[in-house]
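Each in structure tokens, the structures are laid out below.
Shared between the two complexes below is subunit A, which has subunit B as its partner in the first and subunit C in the second.
And then the complex of A and B:
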């Protein structure tokens, strides 16, 4: 093979890498939007599961093209923890709460989607200087990760069910993991392990809170907490 | 590493060990003993270090640059001025710590003694490090350690709402001072990484006059809030009574002196000579503090509050000395200025000694009488003769009676003020005699105040069952009072020599470089305390000899004439039986002064007479309540408190109680952070 073919191959590889990351990032953002649009908790849980698998896929892709074996480990843990364990726990939580009466969110579906669109735009605006200064093949994923971060925050703020807020938090955590994967090709393994534990702990604490709210107020409408203020 | 360094390490290790091991000790008794041992080791080592520096006249310096490196590291610099205050702190904490071992037995099982031990040793460590600090970071760290731990010590009996209120006042005032300390130091620092006191001294020399004035005023207010200058004294009469008595002794004896230390360090050492109005400010603040302190002390029925107000008064006396020194210094009269500053230093030491003693004695009294209200005491001298004797010595010293120690330093403050006459300026010619008048009035009222404190509490018939049953407390507490009482006597008799030491300490500071060292006449050798012009002289030692002689002659004369002591009832105006209700009460004692100074006290009076339904001439009961209204305090602080409350209601609106609103704050903050980062591109 000549040098030129090698270079062409490298460019092609880069292009494919970039495309794959874009695909994964967009998929994750899409799963985030599903939460704003669907109305039932099982749909949220499966959206989250999809998102976690996609995150694992992006991480593995970055690991493959970036040549860092440790990212495979991370991807494996991601699948085990976020792709399997947490969705199962969420399912258990949902079963325990049983069928909940419909709780309308603060912002209705149409407006939510509109706001989410604006947030994505905002993310692109914010990320523009950042994308301009890097020449990573993964740079197109940066605004997507930021967009997912804002959308997840919006989910937490605008939804009233405790379980939806937990899912919003978990998605926020995924967004940060995506940002780390595409922005810096992952963080050191030790940090990654720490983040996993943090996320797990955060999830467990929130789970306990959700149970407590449910037991105390017989609903998982977080708005009831306002009554705690004297 | 020489002997001073070793002693300082032992001091830190002692306090830290006391604090740490107290947390782990198994039984309440073990906690008390370990707390005490840690504090005793720490303060004994601190005392040794300070006395070595004072004896060798060689400052000690050590820098630990790796400890908190970003802030310039921890720097210890123990010069003579610092060593004096370290010695003062250690000399009060040593007896207070031993006293505390027995005294805190009252808290066994009721309070967390472990937390108390931690805070107590932390408090002593903070107080010892403040005068040892060599840079701004170390100073502020120690200052804050002292403030926070003492806050918790004040809250020891937090089940009383008064105590909690006192804690709030104390925390607010001490942080108010801290907030002003930081800009004061920053203004002097020539650069962010040059924060040792030597750097500050160099930086202060290059400041504009306006900035120097700013630094000075910040120092007066910031350190004044710790020392208790009126009107920043409000926390003192609240916090000192609330704390356990040996902590009160430490706060009143040592901690407020560190405010004086800070003021002297900044104004005399770091800033050097200033315009004459600096002295004027301190003189006015001192006069006001002395007078207001003693007048409120007189009207007080709560023994510990009385002592706290008396501390305010003494801080005023110290401030008068500093003020006189500053005025004299601004006119270049360095050797006269030394007298003012020296008197202030000596009075700081003396006050630490006798106020420590008085608080320890009061602790025993309160422990037995179960009240701090003097109206329920009386006759304690019969059950607690030794405590009464020690209290009497402390009272006499506080009333500035020769030959005890309070006399010598107050006399020297008088002399410093009188030297103001040498300055040919009308405002000073008018001002200093006024200050002398205030000091004279204060001394007289202080004497009356302590006659009341001793007389009402210890003499006559007991006014309550608890007072009647009062017995002496554990011997160790009495031994510690004896140590401080001995200190009062020795410092009184040896006042000329002590004053000489003060002059030498001041002489080592930068603004007196080769300033004509105090002439032999004022250096205070021998038995005479001399006024700077050499006209007036006093000798506590000779007064003591004279007094002893008079007592002996009288005793011999009585014996010679064969007059025996005959115990009998007091003459009761012909009544058959005497009851405590016929006694002079604390309120009654202060009543004449209450009338004279009614404008200051503005007492509320409430007299309700319940008469027999059949005839108004038969009275069943009379209830008289009268309270002093602290209108000065209210006029100054009520608007501030109202303002803060109003502001707080606005701020509380942020706290809507809805989780979503809080989450929105987080999201908003994140968005703002992103946008600002984007903006900065």
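And then the complex of A and C:
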């Protein structure tokens, strides 16, 4: 092979890499938007599961094109922890709370979708200088990760139920992981493992909190927490 | 000369295929629901029967009521002649672009709503008001997804967009393209009166939109309206198929290329029609007050499509 063909091959690989990362990032952002649209907790859980699988796919893609085997390990742990274990725990939590009426957020669906659109726009504008200075093939994913970050923050503040706030937090954590994967090709494995443990611990603590709220107030509507009960 | 003949032939193919497409969706839906269903070519018999019947027109109706079926059918045929169904030839003369096509279709919808109001029947008025609500909500999405497509290709002409996607196949997998496709698909469902926005197979007064507007029509008028509605569905699905997945479309007037173009467009339409049939079997009609939510989802999708093509380059 001549040098030119090698070079064109490389640019083609880069284009495909950037395309795949962008596709995965957009998919993750879409799962965030699904949460804003749907009204029942099971739909939220499956949106979170999809998001985790997509995050694992993006991580594995970055590992393949970046030539870093450790990212495969991270992707595997992601699937096991966020793709299987946490959704199962969430479902157990939801079963324990019993059938909940559909979720009424503080902001209605149309407005929250439009707000999410504006947040994505904001993320794009914010990430512009950052995208301009890097020449990573994954730079197109940066605004998407920022957008997911803002959208999940919005999910946390605009939903009433403790369980949906937990899902919003988990999505926020996913957004940070996506940012790490596309921005720096993944952080060292040790840090990654620490983050996983933190996320799991945070989730378990929040689960205990949600159970306590449920036992004390007979509801997981955080609106009720503003009044004194005893 | 050949060019005009081919273009006219392409329009004829679209007009002739339209009832079969509507019938195919109906047949597949029936099979999926465990019914035998009428054969896919049943709409042809229906149209022929309706053309042979007498038209009954209300005394209070004005000329708008009689002109509307011709307007609806006429504008849809004009749009069908603009859309690249079998062949997309890049020519210096752009006769009609995406904007022209979408807004010509809207002209037909506008007159249909007028005709619904014209007879003074309560159902017609209800249907017209609902249709206008839905159309007003889909409008921003249509405009935005057109912008997303045009930004990618640098032109709003159909053939330019097709040619651009054919030369850059990787762009077709880009999020801008996929999101715009999703947005346009939801809009297609809303504009052609399919589930979950409108139920095409019901005559229940409280839920129908399109059927309520055309309730007063009979005979040849009804035949034209039904045929026009089927053609509109075909045009929207062809747009979705050929602008987003143009592979197989003929770029020259050679007979072989045209044949491949015809077969590929039928295959693509079949896949999209099957998708609609499966979707209509799986989902229930949305409450009218939840329709704006679905349409704002499609709006946000289109907005994201524009953003990812416009801001991320």
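Simple rule for what comes next: the second predicted complex is superposed on the first by the 225 of 230 C-alpha atoms of A that agree within 3 Å, B and C clash if a C-alpha of one lies under 4 Å from a C-alpha of the other, contacts with A are read in each partner's own complex, and residues count from 1 in each chain.
The rule we apply is simple: contacts are C-beta pairs under 8 Å (C-beta built on N, C-alpha and C of every residue); 3 or more make two chains touch, one makes a residue touch a chain.
Please read these numbers as outputs of a predicted model, since none were measured by experiment.
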Q: Look at where subunit B and subunit C land on subunit A after superposing the complexes, then choose clash or fit.
A: fit
Q: Pick one for A:179: touches subunit B only (first), subunit C only (second), both, or neither.
A: neither
Q: Check whether subunit B or subunit C contacts more residues of subunit A in the superposed model.
A: C
Q.
For A:106 in the superposed arrangement: first (subunit B), second (subunit C), both or neither?
A. first
Q. Does subunit B (first) or subunit C (second) touch A:157, or do both, or does neither?
A. first
Q) Is A:129 contacted by the first partner subunit B, the second partner subunit C, both or neither? A) first
Q. A:86 contacts which: subunit B (first), subunit C (second), both, neither?
A. neither
Q) Looking at the overlay, what does A:225 touch: subunit B (first), subunit C (second), both, or neither? A) first
**Q.** Distance of closest approach, subunit C and subunit B, by C-alpha atoms in Å
**A.** 16
Q | Shared contact residues on subunit A - subunit B and subunit C | A | 125
(Q) Can you tell me which positions in subunit A touch subunit C when the two form their complex? (A) 15-16, 19, 22-23, 25-26, 29, 33, 37, 109-110, 113-114, 116-117, 120-121, 124-125, 128, 131, 140, 143-144
Q.
Can you tell me which positions in subunit A touch subunit B when the two form their complex?
A. 106, 122, 125-126, 129, 146, 150, 153-154, 156-158, 160, 165, 222-223, 225-226, 228-229
Q.
Considering only the defined contacts, which subunit C positions touch subunit A in the complex?
A. 170, 173-175, 178-179, 292-293, 296-297, 299-300, 303-304, 307-308, 311-312
Q: Show which residues of subunit B lie in contact with subunit A when the two form their complex.
A: 655-660, 663-664, 666-667, 670-671, 674-675, 678, 681
